[in-house]
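Before we start, here is the structure in question, set down as structure tokens.
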Amino acid sequence: MLDKNQIAKRIAKEVKNGQFINLGIGIPTLVANYIPENLEVVLQSENGLLGIGPFPTEENVDPDLINAGKQTITMVQGSSLFSSADSFAMIRGGHIHLTILGAMEVSENGDIANWKIPGKMVKGMGGAMDLVASAENIIVAMQHCSKDGQSKLLKECSLPITGMRCVKKIVTDLAVLDVLPEGGFRLLERAPGVSVDEIKAKTEGKLVIDGEIPEMVFD
Amino acid sequence: MINKTVKDATEAVKDVFSNSVLMFGGFGLCGIPENCLRALLLKDLTGLTCISNNAGVDDFGIGLMLQKHMVKKMISSYVGENAEFERQLLSGELEVELIPQGTLAERVRAGGAGIPAFFTPAGVGTEVADGKEIREFDGKLYLLERWLKADFSFVKAWKGDTAGNLIFKGTARNFNPMMATAGRITIAEVEELVPAGELDPNQIHTPGIYVHRIFQGEKYEKRIEQRTVSK
Amino acid sequence: MLDKNQIAKRIAKEVKNGQFINLGIGIPTLVANYIPENLEVVLQSENGLLGIGPFPTEENVDPDLINAGKQTITMVQGSSLFSSADSFAMIRGGHIHLTILGAMEVSENGDIANWKIPGKMVKGMGGAMDLVASAENIIVAMQHCSKDGQSKLLKECSLPITGMRCVKKIVTDLAVLDVLPEGGFRLLERAPGVSVDEIKAKTEGKLVIDGEIPEMVFD
Amino acid sequence: MINKTVKDATEAVKDVFSNSVLMFGGFGLCGIPENCLRALLLKDLTGLTCISNNAGVDDFGIGLMLQKHMVKKMISSYVGENAEFERQLLSGELEVELIPQGTLAERVRAGGAGIPAFFTPAGVGTEVADGKEIREFDGKLYLLERWLKADFSFVKAWKGDTAGNLIFKGTARNFNPMMATAGRITIAEVEELVPAGELDPNQIHTPGIYVHRIFQGEKYEKRIEQRTVSK
């Protein structure tokens, strides 16, 4: 089983040179720590920045420079700043190559639910609905099962969805899976020490297993 | 050039009335019009509709207006950081309309730009689409969304001039530029107010035509929600 | 009868303090020369400038600074520059208080025709359709009759129109007229030496004459 | 930051193909991508659709592409200053689609911003409305207009950096920023190309994400159409 940092590390292997990437709050933010140094990528913050840098040192904290998670940040060389309307024009227009975000549920046709639990205080969708409706490639980072052991990879989402047929890949603590265009989760890799049978048992949606499933390799 | 300067926040907000629709720039607590918010708190206002990406925190920003029961309705994309907000919402005192962040930004831009409606993919297949027209363009589904306008827009910029031209700084820009365009009356507060002609016309983010009143804010606390540092 | 400069001078009296104004090509451009110095107004150029200044001196000509008529210009203090999308957002959003433009025909319900003559080379509408569809106040500057003596103030436009029910006021070489909300041209002023009868004879559309019609006064 | 630099105009336009859709920034002859236009003239291209507010003059700008019979269709708001244009149009060699200037600007912005359609008042009641959906919002009539996109967008900026960030100057900005967002491949030429990091992030007009190739133009003639001076 992978911990949060390992999930982030595995997702980082999906990043390609030259990409513009939006990282959601939580595990996705950790992905930035594992992107290989030889890749040139640009991280977008949907409140209005291209080129997120590392967190500032104590003396460089600037309250006028935060990311979408409201954390203080810095900018890398070559950054640009813009309004939220321009930022979402960028997102909606398909200019961001890769969006990585967390989820509460994903369905076998790629629907994602990550904004609302009926009966609980609803905080809002923020930019998630715009991001999932627009990005050409969406990778979800999440736990395979909820805390009470229920699968989060479902035939259909039980929670109100954030977007339809949009998730392309999922990295969980147990596995890496593609969402097939015709529906179904195709198992690609197992986490170290996790068996195919365990993944089968913990995946409620249709699971497609083609041949031998390798264990993930970390460098 | 027309001089838009007013003395201070109190004068700037003098004619804000109960039951009006207000827009506030800012993302979280970053780039919010602190001085106008403080001045509004001193007024006897109720029934306000506030359009703002977030709702502040309990003791800062729009959160303080909630404490004083001035707000009837919030239109936002994310309202998570505010316990009083939650209490009023659950008790039915407060109405909230949640809008995807990009749709919110674009609806406000549309309000300023004279575009009464536009199609966006955000929210298709979700409850956000309930009751809205859905149409297919080039094989993809889109929702029809309407413009948003306000009686008063409150924006905060870094520098401004007496003609109302504004320059923002960092990610404190966020919703401020669009909201400046969508207010029947737009009130801008700035950290530094200079005479018209001192700002480079090429670097203006918000042209003065959108700003009806401008003043230099007395004090900027610039509270940080998530102070995150690297060692 | 007024010459072009006098038409411009008469229109300049309609300008109010604090207005943002768009001046079309031709006579409207001349209006700028007659705006009283004590009024603070801002002239917009729809290619992307608020704050048009006078024409430059020979040594200050900047090819990167032109108006919508493609003439070299200067900027006044407090100007701002923006894209054409932002410029027409400003126009469409109703932020320009007054638009002054030329016309080939105006109808008694306020339709305007000023972009196309069937059978002749069509150059295009430029920004005229956006301007007339958006401005809260539109004043037309034109000759009362065409070169062959035909009235240009008509029951209905004979040429393809640029915008519907939008013209509020007309200043011609003969008269100043309002377009009434219920239809019809209300005669407000006569040019010096021009009789009401002449204006009647040269106005094809419905002309409303209420009481004595004064001659225009120029300072 | 990703380096978008290419050697020169010739390399920048190397894969432009016949029958493709091209956008050109500029208003009149102000802010046009002169160096790309020169490089395109040396290529054996036909059947192009050119989206540009104007069509140049006979011996400069897009006018030169018309002389070489490279253009099948112009999409513009005003095409008045070009005799060869008129000849080709009347002879049926050239097709032209005239669009109100603000609608053109907004359709291009929509193309870059992922908005497939929007409502605008421009053209209601005119022949521009023929065949288009008309709808009333808040008592006023509007037309539905579609987005515009291009295979290649050519834009000209004042300064740029190797990451593709652009800053425009004066009214040479005009259509360039939107067109930069609406090209599948966007090629920017600049008067001065600097290393990434030298431009203030707060002053960037076009973020580098929209620019796929950038180079410093060899020569800028900057021809003036109406040299008007005061004595």
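Letters are used for the chains, namely A, B, C and D, taken in the order the chains are written, and counting of residues starts over at 1 for each.
The rule is short, and it goes like this: contacts are C-beta pairs under 8 Å (C-beta built on N, C-alpha and C of every residue); 3 or more make two chains touch, one makes a residue touch a chain.
Chains and their UniProt names: A, B, C, D = Succinyl-CoA:3-ketoacid-CoA transferase.
On a predicted model such as this, the values are computed, not experimentally measured, just so you know.
Please name the chain that ends up farthest from subunit D once chain centres are defined by their CA atoms averaged.
It is A.
Identify the chain pair with more contacting C-beta pairs: B-C or A-B.
Of B-C and A-B, it is A-B that has more C-beta pairs in contact.
Counting in whole Å, what is the centre-to-centre distance of subunit B and subunit D, each centre being its mean C-alpha position?
33
If you average the CA atoms of subunit A and of subunit C, how far apart do the two points sit, in angstrom?
That gives a centre separation of 55 Å.
Approximately how many whole Å separate the CA-defined centres of subunit B and subunit C?
Inter-chain centre distance comes to 36 Å.
So the centre of each chain is just the mean of its C-alpha atoms; given that, what is the distance between subunit A and subunit B in Å?
Distance between chain centres, rounded to whole Å: 29 Å.
At least two other chains touched by the same residue of subunit D: list those residues.
Those would be 106, 109, 113-115, 120-121, 168-170, 202.
I need the residues of subunit A touching at least two other chains; which ones are they?
Within subunit A, residues 49, 81-82, 89, 91-92, 134 contact more than one other chain.
Any two chains that touch count here, so list every such pair.
A-B, A-D, B-C, B-D, C-D
Provide the residue numbers of subunit D that touch subunit A in the complex, in ascending order.
By the definition above, subunit D touches subunit A via 1-3, 109, 111-115, 161-163, 165, 181, 196-197, 201-202, 204, 207-210.
Can you check the complex and tell me which residues of subunit B touch subunit A?
Subunit B residues touching subunit A: 27-31, 53, 76-80, 86, 89-90, 98, 100-103, 105-106, 108-109, 120-128, 158, 168-178, 205, 222-230.
Quick one: which bits of subunit A touch subunit B in the complex? Just the residue numbers, please.
For this pair, the touching residues of subunit A are 45-49, 54-58, 61-67, 69-73, 81-85, 87-89, 91-92, 111, 121-130, 133-134, 160-165.
Under the touch definition given earlier, write down the residues of subunit D that touch subunit B in their complex.
Residues 106, 110, 113-121, 135, 137-138, 140, 142, 146, 167-170, 202-203.
Provide the residue numbers of subunit A that touch subunit D in the complex, in ascending order.
Per the touch definition, subunit A meets subunit D at residues 18, 20, 40-42, 44, 49-51, 75-82, 86, 89-96, 134.
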